[in-house]
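Just passing along the structure, written as structure tokens.
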């Protein structure tokens, strides 16, 4: 299943439309290209709905939001749902400011994303209207966020993917865990956002958002494990991570995967 | 001629003003610095015309366009033409959406760029009002776009540079081909946009847009050939490509160049 | 003192809020993560004042400014000063256009930044209302800018940090010099902007802006010296620079530091 998704992405090169934050546009486009997907970025209200028509998944990432971008995210999201393609929301920094939290809630309500992919703080902010996000990094241990993920999934119907030392993927009453990854992933900017776009690429080829989210986190974690020993710090790790995403073999992926499905 | 351009860029460090897409700003600034040019980015309507006054070439790239940016591109483009400095248009994703295609046509009409640098799909969209762009990557083999390039060049008077497995540069009835390059160039984001800014750097030092465009594609292709064997994937390739652009020697460049001029 | 600051940043992971230019957002976020700080980017007027409330330093960088962003910079800057956290201004390209120079002066007047970090051309433009910036790179030798830095510091009360072959830090009548660094730092985009965000990270943990600025320039210069011999050009240098910022040891830093304090 996992490897099947990887080969389908490589063979089909699904177009993934991202409306995302400035910081990670380059990083996430390169991650999508590395796994074999075809990234496109467009944010003007004049074209987002039409651009979504060319894509097989849509990413909405609120990392550097502003009102005009929010309107475009909503329009693209609604167009994507009408076409039946998956929408992955990354609520970057939800809980950090009232505006950011409100926008995330508005996207949840108006777009009804297929998958929400965030860290523990962000998921708790959406589930419990808590604050306490520390910048864009998590301050809650992942497991403490499992309850929040369950609340959010059951209220909205979406799959919730929580990244952390152990990644937890929740859909309704089902829970998967991914125990792959390395500390260096937290020392480069955009590794969470990379998880989000990979989730979209997997959702483009796998009809189960729950499995797509779990597979994406496994691939990213394994790629990190392959890249870390070749790296002498976060700079070389970034380059080696892209190499690993592009070159990972079936044996490497299946041999290292620590994916616990229900 | 080719090496002469390279040394002039290294010696003169021409300022290249780019109004470009968010995804590749960092990548293309680094590519310009690697070859010895001096990149500047500015997009506010309040300053673009004045900033163009400091530059020796202007890049207009519509990869993440929006109305305010389009107005700035038009103002900067007109100011550049009044000053007599070359303007290179990269019609990223032309054909993908009606808005994007319309903006590319508007820049063609109002600015009359010196050079249009795109992939086959984009050039066909501009020449024949065809659609069918697949994201921002090409769906047409380059050679199938030669006719389109000729139509576009003869209608507008600009040089047309079409990137692909074989790059084709067209000016009126003249055609050049560049058979350099490696597949990894298609696995990193912004390699097309890098071709565009290098084209601008060469146009800053070479009065023939046709030769400037051909030389830029040759340098990029050769740099890719030098970088690929040192790389284990797209991540390390990115770094090695910049190293090769900065360090390529006359022997390496002239020994590898597969440039067919008329 | 220098090493003490480094360990405090690594231990305390201060949140640094940047409102900066598109070109360097990724680069500077990665530099902050490499030294152990926690970057956050937010520019919407709806949230900047609240986001500043989570941060221990604020960076204002005018490299790709536009009116809405300027308003956000002013609002964030005023909020930061009310809270008593340091504000570091990077007047990228001041002197290049009238708009850019005017915005830099407006931020100086309305925010009263703690530290201004620029190259010689930019500092001269702010001190003497000179023009002559060449793109965003410096055209004045650093030492020729020392007078300008003194004028600017004494007029505004801020610390002035001028990067160049020799970095000069000025506060009132005090002057420090840093003789670290390598030419490759000028061959990658955003090394000045990286100096700025590192200055903010040091200012977050060191109550003396003068010492914070001097320590930041020393760390960056030493990291460049460690990275350069491992690099074959500007691409690999970028990666190795991040590795060096993350991994530099006390012996390496203190052994190489060429910091002349008054």
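Labels A, B and C are assigned to the chains in the order they are written; within every chain, residues are numbered from 1.
Heads up, the rule we're going with is that a contact is a pair of C-beta atoms (placed from the backbone, for glycine too) under 8 Å apart; a residue touches a chain by one contact, two chains touch by 3 or more.
None of the values given here were measured: they were computed from a predicted structure.
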Turn needed to bring chain B onto chain C - CA fit, degrees, nearest 5: 120
Chain B against chain A, contact positions shared by both copies (same if over half, else different): different
Cα-centroid distance, chain A relative to chain B, in whole angstrom: 32
Shared-contact residues (touching 2 or more other chains) in chain B: 22, 26, 238-239
Chain B partner contacts - residues on chain C that touch it in the complex: 21-24, 26-27, 63-67, 93, 96-100, 133-137, 187-190, 231-236, 238-239
Partner chain A, residues of chain C touching it in the complex: 15, 22, 25-26, 29-30, 33-34, 38-44, 46-47, 50-51, 54-55, 68, 238-247
